[in-house]
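Pasting the structures here.
Next come two complexes, and both contain chain A; in the first it sits with chain B, in the second with chain C.
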Partner chain A sequence: MKKLIALTLAALMLLAFMAGCATSSDSPPPGGGNASPGSASPGGAPGEVIDLLVWGPQEGQAFLQKAIEEFQAANPGTTYNFTLGVVGEDMAQTRLSEDPEAGADVFSFVDDGLRNLVNAGMLYEVTRNADDIKSRNVESSVDIVTLDGKLWAYPQTADNGYFFFYDKSVISEEDVKSLDGIIAASNAAGKKFTYPIGVAWVTASWFLAQGQLSLVDGQQVCDFNNANGVAAVEAMQAMVNSGAWGNGWVDELVEGIGTTHSGGVGGIWMVADISAKLGDNFGATKLPTAKIGGKEVQLSSFFGCKHVGVNSQTKNPVAAMEFADFLTSEAMQLLNFEMRGMGPSNKNAGASAEVQADIALAALALQSNYAVSQRDVLGGYWSPVEALGNMIINNEVTNIQAALDEVVAQITEAN
Partner chain B sequence: MKKQNIGTPAYHLTFRTRAFNFISHVALTVLSVIWLFPVFWLLLNSFREESGAYTSYFLPKGLTFQNYINLFTNTGLYDFPLWFMNTLIVAIFSCLITTMFVLMTSYVFSRLRFPARRPMMNIMLVLGMFPGFMSMVAVYHVLKLMNLTQTLTGLVIVYSAGAALSYYIAKGFFDTIPRALDEAATIDGASKNTVFWRITLPMSRPIITFTLLSSFIAPWVDFIFVSVLMKGKADKFTVALGLRQMIERETVSAYFTQFCAGAVVVSIPLVILFLMTQKHYVGGITGGATKG
Partner chain C sequence: MRKPRGDVFTALNFLVMGVGCAARGQVAKGLLLLAGQASYIFFLLSFGLRYLSEFLTLGNNEQYTVWNEELQINQVITGDNSMLILLFGILTVAVTILFVYVYIINIRFGFKALQMKNEGQPLPTFREDLKTLWNDKYHLVLLTLPTLGLLILTVLPLIFMISMAFTNFDRDHQPPGKLFTWVGFENFKEILWSNPRKSQTFLSVLGWTLIWAVSATTTCYFGGMALALLINRKGVRFKKMWRAFFAITIAVPQFVSLLLMRQFLNDNGTLNNMLLNLELIEAPIRFLTSDLARVTVIVVNLWVGVPYTLLITTGILMNIPADLYESARIDGASPFVMFRKITLPYMLFVTAPYLITQFAGNINAFNVIFLLTNGNPRSIEYYQAGKTDLLITWLYRQTVDEQDFKLASTIGIIIFFIIGTLSLISFNLFASKKREDEFS
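And then the complex of A and B:
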């Protein structure tokens, strides 16, 4: 009996804790995402100090510092009190959801968080200068931050995708165009290339190339358990067993390229290491074409952006929007490219000589013609596809149709 | 003749014992290599001269002390010394408070008799079994009401406020101290309070060191609470959260060896404290276990 009372009391206390969590996340944030920017004059009243908290990753702090200095220099009439916080783009959504009130006024984040942030009313709709923002950035990056015809964030980069790095001394510019060419050249040199199909983000390129995983009304359609999907898996199996394919992702490619590896799929954040290893032989281009179901098909990819958002609970919406606008302007995107190698989403910045001369960004731009936005990928997509990729790597898939049926069922179930 | 008869089986036994010893030592060696290998790997990487997060070879091509020097001098991007001091401050205060809480609670449950003592002990035991981060969001909002988020004080409270829930080991230890001592002191005019400070505590050195050590470690290894509490306030980070910043996708390759050096440096205060209290620590665990 005593035990029973003790347990009941314990359960009650636990419930109290949980109730605490529930109320904190359920209550709608005051103001909401649709608040109007107010009629305050830009920059606020004279003599007023405007507090702005800005979030960015640790390695981006120097860039933010410089941008803030220039912003203050450009607005001499107003006194700003900037505070910098260290929150990576990938963590911004999580940190903001925990307590929007304590969140930054202006923050960088990655695009797969956009829909959640908008639905939770945490983003301030971009109501100032929206037409200019839409026209000065590349269309794909604007599309990602537009939901229901409204602009929700400021495109900052258009560089979160993958493409093909290669060692020019092993693979010629002609060979790199097709997967067969890469396999032949690598086999001839006794080297491996990586194409990480155990990473669901990259595995998608085969299904996307077959026209699968398409988006209909902002919803990813996962019905690739059909003939096209089977052909994609068969092509992956052929690549894995080609003799030149090596398992691995970032670490293996960065470590092996130039010595044991001839090339591999990677992203913009690996450029510094790979170009240092290859020197003059550094090459990067779009993904190759591959023979899928008897036809030569261009491999596709997922594509993502980083954006700057304004917190819907900011006390200084006008100043926050002005700063976000400035932070994603042409000049600042160029600065971001110079200091951190980030690929600009701004059209003029992207067309500048420095960016054009960047081999990796050029490769990414080339690949973006065959890329699909990852903003609306179903949350349940990643794990089952990763498992499928690993089964292909281990040659464990014998009945492809059955395996695909299971993967699709798991994805559908999770959503 | 007689001697030899006795000698042969004796020799046989020794051989079996030796064989057994040999096999168990081989097994122990293999296990210790498996356990120590990651530590050794971390040490080697912290001295590795060439950068990069991943090498296909085990032994570094060059050894250097520069990673450690950079960790403490090159603080523009990652202010490790500050993070280290933050953690040290939090660890010292939370371990002192925790130890007091635990010892007092244990003493009360061990020596005093009052209504609802057993139910309270049971509730605390059950509550202590739930992982702390289940109540993380609630804790965060309570601290926010008190204006203690993004402060080291808030962090100390997080690590020490629930300490009393883990009273049972210390209580088991106190139960083994003869009550006759208490009674003798009471006859001499000591209050319960005096008995706790003058009689029980001086005899409980093992369990005090055990509690000190285990509570000192918590702030060094916790990541979840500190990241929720501090959000982006980099000058209040602890080492766990700070070091994590080094191995972001963009920086992992340049800073991985420094990250390893940081991980090695973090272990130094723990090792010092452990060596200082080692004798009592071992006594603490066995004392609590066998006598309790």
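And then the complex of A and C:
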């Protein structure tokens, strides 16, 4: 009897292991990788239940839920079985590459991941209704997802950039136009402003202002290890040591503005917090001009969009594309603006009165005149530039030229 | 014992499993063996052979697209998935090894049956065999399931991960769109010497990892011991209360304390704001974002780790015979000499294994570094690494941020060898001291 119990326990232990593994991957990936054209019916037969897994960020779940309801109402003839997953736009690429077959059929992502996703063959080319998608969205947002003449994703927002938030009671509308003005006003009030040059995405604005991340044949050419790059680093060093500059990014700005901070660089996702703190003193505008190499230069920025992509491994490409198309339509983009404050990429939605009246979106639109697409940034750009930014903050860069040479070498090496 | 001469069944047993047994009357056993062979062949034909044949190249067909006029889409035709080929290839090899083992057993069974028959012994029936398994060889029955579980759930994935170090699996060779393949020891060469940028970074990160592991282990150890000694001193009142205070901190999960510490030490954190308001400093002290971070992580780790050592050492300190101290005092030894000659040797003797596991654990102290600094501050002296990055956090960054799985796997294997070697050496060092008479 004892032996029987022992054996049962051993079996149970194994079962527990197995069960533990089984629950972690909710859908077992179908085995096999051999070419099998037409094995599944990509169109979906009538009367069939179509399973779609959709990924979106936590704060976008309510929006997605609403969009799904409306999509189902608009397609009464087909039965859909939607599953929602919480994966932020910035994490979609990483999570998808872990196991594409278990990934979402439709997902939102940030466009700096586009090239990697296309290279890894994870995106379905957008062909259905392509002309309409191209014409209804602003050109820059379509350009970003067009590689080698092919459209790879559905533009959803045109707001993934950064601009300058400021406290109107500290910095005047005149002061905010130049970095020197911001520094003087902040120093006078004894407050700090943030310009996170330890964040490679923002550090780029100085090199971009010098025209250093130019595109050749659709690929980023990395050559800012020259006199212009040196001047940009010197200007950053001057800012860091101006007395008014404070280190930090999202948390520091959101927590400090109104009290310890006079303003700072941020993005659309901080608007709610900052405007709540500043109230009537809430100000937002383009990035300031800065003195680089003796000239007053307008600081540039990365312009990005959020997009909806369709997983190349999906069982239901047509249904997935139809849903992605619907999710990025004019009505849904307006809904996304109302529910989450996302700036639409749709021309009509962007022209609506509500969107036009939005202070932050207006600032972003102003900045977009000086913005560069981040689609073609080399994958290896982020890590070394972040390192350089941190070294500038720590005043560790003495030989600027050598540091830039090393940065460029590392960026090139990683690709 | 004389080897029996085989007959036609013995020869046939090499081809068709179970014949050797069945021919001597052990039909059920023979059928079982035959079923084993049949299922292996079925497994190979239906599943294994495809992966095995592509195992050497890890796939040849890339994914491509075909225009589907009816649906108006560029239909994706999936190609080979190198990752799946690697995974299932390893599985097939493992099953094959298992089969070879059973095959050898089958031949042994065949010979044994023949031998017993020749010697006129009665062959055990199937029922008798089962009985033996249930009684004399019960350990085999009991251990089979856990062993199987261990193999499938631990060993196979491990082999899968290790194999990645010998491929070029990175951002540019990522399934399902791209294939990756074997590259031999290329990754090890790169990280150890042939790619100066990577090898330099590896050496620097390794150096810091060792400095960190040694300082984190020793500071926690001696800090905890000092605290315990302090509380244990005669004349200290409310001993239990002091100990309880420190024990309470253990109740807060480590990652919570670490995250709070990060908030506290931020450039704009509580501590800096306090110091600024008191006008003790002009600019925030960059605890976590400058080179100071290396000191900060060790100090914070000391703060997090001391209660554990305190608890462990308190018990041991109480066990040191008091007469040792008494006689030392009579001989006129100073408190420091008593610590050096009595307390420390006693402590080291008892806690040596604890120290070694702590050291090994600190080499892989992912939580402390990741939650406090995330490896920052980054430096361009390092390839995709920061000043406080340990090998393990560098590995993490390679997988999650850079999708450089080959490099990550290589680092993982190297970490294993480093920890293995250091642990072996130190265990042997301490084991050689295992002479009890030193202490009496």
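Everything that follows uses one rule, which is that the second predicted complex is superposed on the first by the 369 of 415 C-alpha atoms of A that agree within 3 Å, B and C clash if a C-alpha of one lies under 4 Å from a C-alpha of the other, contacts with A are read in each partner's own complex, and residues count from 1 in each chain.
Convention: contacts are C-beta pairs under 8 Å (C-beta built on N, C-alpha and C of every residue); 3 or more make two chains touch, one makes a residue touch a chain.
Remember, it's a predicted structure, so these values are computed and weren't measured experimentally.
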Chain B versus chain C as contact partner of A:Gly103, first or second or both or neither: first
Which superposed partner A:Thr260 touches (first chain B, second chain C, both, neither): both
Chain A: partner with more touched residues, chain B or chain C: C
Partner chain(s) touched by A:Pro57 [first = chain B, second = chain C, both, neither]: first
Which superposed partner A:Arg340 touches (first chain B, second chain C, both, neither): first
Partner chain in contact with A:Glu252 - chain B first, chain C second, else both or neither: both
Which superposed partner A:Gly88 touches (first chain B, second chain C, both, neither): first
Partner chain(s) touched by A:Ala184 [first = chain B, second = chain C, both, neither]: neither
Partner chain(s) touched by A:Ser383 [first = chain B, second = chain C, both, neither]: second
Doubly contacted residues of chain A, that is, touched by chain B and again by chain C: 3, 6-7, 10, 13-14, 17, 21, 251-252, 255-256, 260
Residue ranges of chain A in contact with chain B within the complex: 2-3, 5-7, 9-10, 13-14, 17, 20-21, 24-25, 53, 55, 57-59, 61-62, 84-88, 95, 98-99, 102-104, 250-252, 254-256, 260, 269-270, 272-273, 340
In the complex, chain A residues that touch chain C: 3, 6-7, 10-11, 13-14, 17-18, 21, 31-37, 42-43, 94, 97, 100-101, 116, 118-122, 124-125, 127-128, 198, 246-248, 251-252, 255-256, 260, 312-313, 317-318, 321, 379, 382-384, 386-388, 390-391, 393-394, 396, 403, 406-407, 409-410, 413-415
Residue ranges of chain C touching chain A (in the complex, touch as defined): 47, 50, 59, 61-63, 65-66, 68, 70-81, 84-85, 88, 134, 138, 141-142, 145-146, 148-149, 153, 171-172, 174-178, 197, 266-268, 273, 284, 286, 289-291, 376-384, 386, 400-403
Sites on chain B touched by chain A in the complex: 52-56, 76-78, 118-119, 122-123, 126-127, 130, 134-135, 137-138, 140-142, 144, 149-150, 227-228, 231-234, 237, 245-246, 248-251, 253-254
